[in-house]
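Going in written order, the chains are labelled A, B, C and D, and every chain counts its residues from 1.
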Amino acid sequence: MSTDLIAARQTDVIDEFALFDDWMDKYEHLIELGKDVPAIDTGRKTDEHLIKGCQSRVWLAADAEADGTVRFTADSDAIITKGLVGLMVRVLSGAEARAIAEADLHFLDAIGLHQHLSPTRSNGLASMVKQMRLYAAALAARQA
Amino acid sequence: MGRPGLNLYFAERFRLKMANSTLPERIRRDFPILDRSVHGKPLVYLDNAASAQKPLAVIEGQREYLANYHANIHRGAHHLAQLATEAYEGTRGKIADHIGAGSTEEIIFTAGSTDAVNLVTQSWGRANLSAGDTVLVTRMEHHANIVPWQMVCAEKGAEVVPVDVQEDGTLDLEDFARKLERHQPKLVGVVHASNTLGTINPVAELCAAARTAGAVTLVDGSQALPHLTIDVAAIGCDFYVATGHKAYGPTGIGFLWGRRDLLDAMPPWRGGGEMIRSVSFDGTTYNDLPHKFEAGTPHISGGIALGIALDWMNGVGLDTIHAHESALVQHAHQALQTLPGMRIIGTAPEKVGVVSLVVDGLHPYDLGTLLDGQGIAVRTGHHCTEPLMAHFGLESGTLRMSFAAYTTREEIDRAVIALERAMRMLS
Amino acid sequence: MGRPGLNLYFAERFRLKMANSTLPERIRRDFPILDRSVHGKPLVYLDNAASAQKPLAVIEGQREYLANYHANIHRGAHHLAQLATEAYEGTRGKIADHIGAGSTEEIIFTAGSTDAVNLVTQSWGRANLSAGDTVLVTRMEHHANIVPWQMVCAEKGAEVVPVDVQEDGTLDLEDFARKLERHQPKLVGVVHASNTLGTINPVAELCAAARTAGAVTLVDGSQALPHLTIDVAAIGCDFYVATGHKAYGPTGIGFLWGRRDLLDAMPPWRGGGEMIRSVSFDGTTYNDLPHKFEAGTPHISGGIALGIALDWMNGVGLDTIHAHESALVQHAHQALQTLPGMRIIGTAPEKVGVVSLVVDGLHPYDLGTLLDGQGIAVRTGHHCTEPLMAHFGLESGTLRMSFAAYTTREEIDRAVIALERAMRMLS
Amino acid sequence: MSTDLIAARQTDVIDEFALFDDWMDKYEHLIELGKDVPAIDTGRKTDEHLIKGCQSRVWLAADAEADGTVRFTADSDAIITKGLVGLMVRVLSGAEARAIAEADLHFLDAIGLHQHLSPTRSNGLASMVKQMRLYAAALAARQA
């Protein structure tokens, strides 16, 4: 069950961030992650895949795999947003559509970064997560 | 922040006190102003329909915001902006819950009921009314639900038609049905509870009839919010407006609830920051709901404090408040009727805590002034319902006593005694 | 009431402290929020152009109103209504004095600058603009002085034309003269001081030229009110708007000043209570200035507190504040220029306390987030001036530090050090 | 000099009200005065002479006398307003136009009734005083 997959991945991320109790260290790590995130294929860094937050921009591409899972790639023009976007992809990509649609995403909260998920933050992350879920939900409905 | 803590503290105090005392005793200490005196007499505040007093939770919540986490909201990446935004947006959620709205995106913050009606007339009205159209309102509407319609109708060549009010202050339902049929109005505007008469209108019934006749409906809930449980889905209206300051919250903040599809189709009204998606001199695009209708920096402390006021009211319980106020109205009616020449204007079976009166041969302004001298705050005049006053032939208006959760029977008795003295002095 | 007492108390403290200390030392204790910490670090609040913090006099003045003399204003015959009305209307007088208005009747309370510009576009604009007309604004206007004009111009078939901005962030005066000549605009709108660049525009000169060309002028003083002495007669404009919350007052309150003959000729905008003389279904007549433009219950505590904020600013002295902030801007420019890849956006000779910057290859949002982590509150993004950002090719906007009377050199130094750290972390 | 006349009359009124220190007693007296105020000639209680306050209505008629003084009569539908209006007439009527235009009217303040002069009180009194002064000023200008 890929709900467990998502849960396990969240635990992973939480454990990883548990190493940092200082705010700046945590962001240092997030920046490193941001730098390492495989950028979205330049061919897909288009307006079609753009989610316009008003502070930073996010691109998201989703592909339905034959086995009922969804593969995401994402990018951002701001490195911290990119780190967050990368974490989200790491947790959700490759999971089953239904599991993505219904996932209880608590890891950002647990690592003290939940404020980035606030829709009023305008960094595009909240809209991205919403779009990931919508995509997965639509796919799951078609599969059912 | 500490605001949630503060609310919990108050909720706790309510629970403890509920058991063994009556409502005003339990809550009066939450209202510091009630301890003051006026002209050397203890204040009896019976002007709640004009504006209610504020509980400590509201006063302290505003203070705490200003002293601890003030910042401009939305779009701020820093911590204070985040705290302020969460608190302010939190109220949007509380309002949505409180009135049974489908989503927070249907709640538009406004400066009050007046501003909310103007938003509807200037956005929906200008887009949907044309020459020959009718807007049907009642003769007991507040000016806030008349004048904005007159203005847009004058512009569009449409007409505002009033539904009659009966002698006891209830709406003339036959006249309503007749005018609905005859005029086929584009919009029906009706006050949920009258600020002058106290009358609670059967809004669900009226909205159902209006909808059947193809009209869009707007309910003015300014006087309902502090007294009644509101459920916009059950009412079945299209727009619902209310104002914070009559419901224990601050002035300058209120809201419009609208049916999502209507709001989505409406053009923005005020332009500026927040309500845009993107601005350029080649073309500007607008934001999604609710921000599309919210231009500029809002009344942040007011928004936060309105949420606290709703929490406070819900902590006390609207059923409790309404039952208490109904008993006060009964009591006031009885006590007042013992005075000579007394005429109560508005004796509908279902009323909120409002009692309007006139005394034969005496001017309400004189009575009000002499009550003030005895520490008793009431309102006199037309209460922004001139057409209603004209209908009842009351050119000088009425004297209005209006009650809140903290009003006591003793206060009403003192007001009646003071009124008697004023009447003696004037005759 | 106690408010006057409170102000006297503060005025006294100022006088005592003025003699032997510098500005921030004298006044920082008046701002409780400045003592707080954020993410475990002491707060350095450099987001004042978005909204300034409030002095105790403002916070306590609001509290005192709510706890001691809250009532709905105007038309109330009772004592509390009288006290509240006097305090609220007192602010109208203070504003009139503060900006050199001819009379209090020319001061219209609004919800802020955005609301004030919308009042002008929707009342004056809709009555005076027609197809083919031009409204001339600058490319450095806040969205609040662009979008409302775009909306009314779209309705009327008129056009909004922007005046160019030069590389250093000053207005292109030749382009201004050229476009004034070519377009013969009906109205010229210009920001007194830019919220993104800090540039102080030569508004008197611009208004004189506009007037000669037959245009009506509107000056957006949102960023001028907290920093500069304002004299609308000396500026020679027709409309002047400002907002309270950037000038140490509350959010949700601001004002429009207008030339009396223009205001008198303008139709009302919002309808409702207060703005009417008499309402009937046969015809409604409107009130005189300023009430004609003030429908509904206003933001009373905000109005009262704005007056206290003006008193506070005048107690400190605008010349003192402006000199202090100019020194801070100088200092910030110098300190920032030591950082690699640093580009300051807006280096006009005359600036208010605003410093916008970008760093080569780094995203402002990343920098702002990492400053927040170090307790430093700045704003990043387009600051509601997208056309200006597009002009400078800054799609992700800038990072903006903005100062107030209480900002210290040490705070700027800490911000620069924190910025350096953020830059290291990001590269 | 009829400035002295106005001053003397104000002193008179102040002395008269000094007898009452209780708020209600003061109003009782005001009401008695209101009852005694000679009503305006019914012929002049017309819309032309109406000053519409929103709480109570005031009628004011002014006549320029041959000797340069102004005679006022006034009325109100509310008895307390009528008492106040009567006091105002008592202080100003029969004085010289210029003196009326320039009079320092402190007596309402001195007897603790200044709040009735607030324009926001909407009882019509403030508008009435304004109108008395305007009338007198116009007359004085013509005489000069």
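The criterion applied here is as follows: a contact is a pair of C-beta atoms (placed from the backbone, for glycine too) under 8 Å apart; a residue touches a chain by one contact, two chains touch by 3 or more.
As the structure is a prediction and not an experimental result, all values here were calculated from the model.
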Looking at B-D and C-D, which pair shares more C-beta contacts?
B-D
What whole-number Å value describes the gap between the mean CA coordinates of subunit A and subunit C?
39
Compute the distance, rounded to whole Å, between the mean C-alpha positions of subunit A and subunit D.
77
Mean-CA-position distance for subunit D and subunit C (Å)
44
Touching at least two other chains at once: which residues of subunit A meet that condition?
54-55, 122-123
At least two partner chains per residue is the criterion; list those residues in subunit C.
39, 75, 77, 278, 365, 369, 380-381
All touching chain pairs, where touch follows the definition stated at the start:
A-B, A-C, B-C, B-D, C-D
Would you pull the subunit D residues touching subunit C in the complex into a rising list?
52, 54-55, 115, 118, 120-123
Spell out the part of subunit A that touches subunit C in their complex, as residue ranges.
23-24, 27-28, 31, 54-56, 77-81, 122-123
For a test of understanding, state which residues of subunit C touch subunit A in their complex under the given definition.
39-40, 363, 365-366, 369-370, 373-374, 380-382, 396-397, 421, 425-426
Would you pull the subunit B residues touching subunit A in the complex into a rising list?
73-75, 77, 82, 85-86, 89, 277-278
Under the touch definition given earlier, write down the residues of subunit B that touch subunit C in their complex.
32-33, 36, 38-39, 43, 45, 47, 50-51, 53-54, 58-59, 62-63, 66-72, 75-81, 111-115, 117-118, 121-122, 139, 142-144, 146-151, 160-162, 243, 245, 250-253, 268, 270-273, 275-276, 278-281, 284, 295-302, 365, 368-369, 371-372, 376-381, 384, 386-387, 390
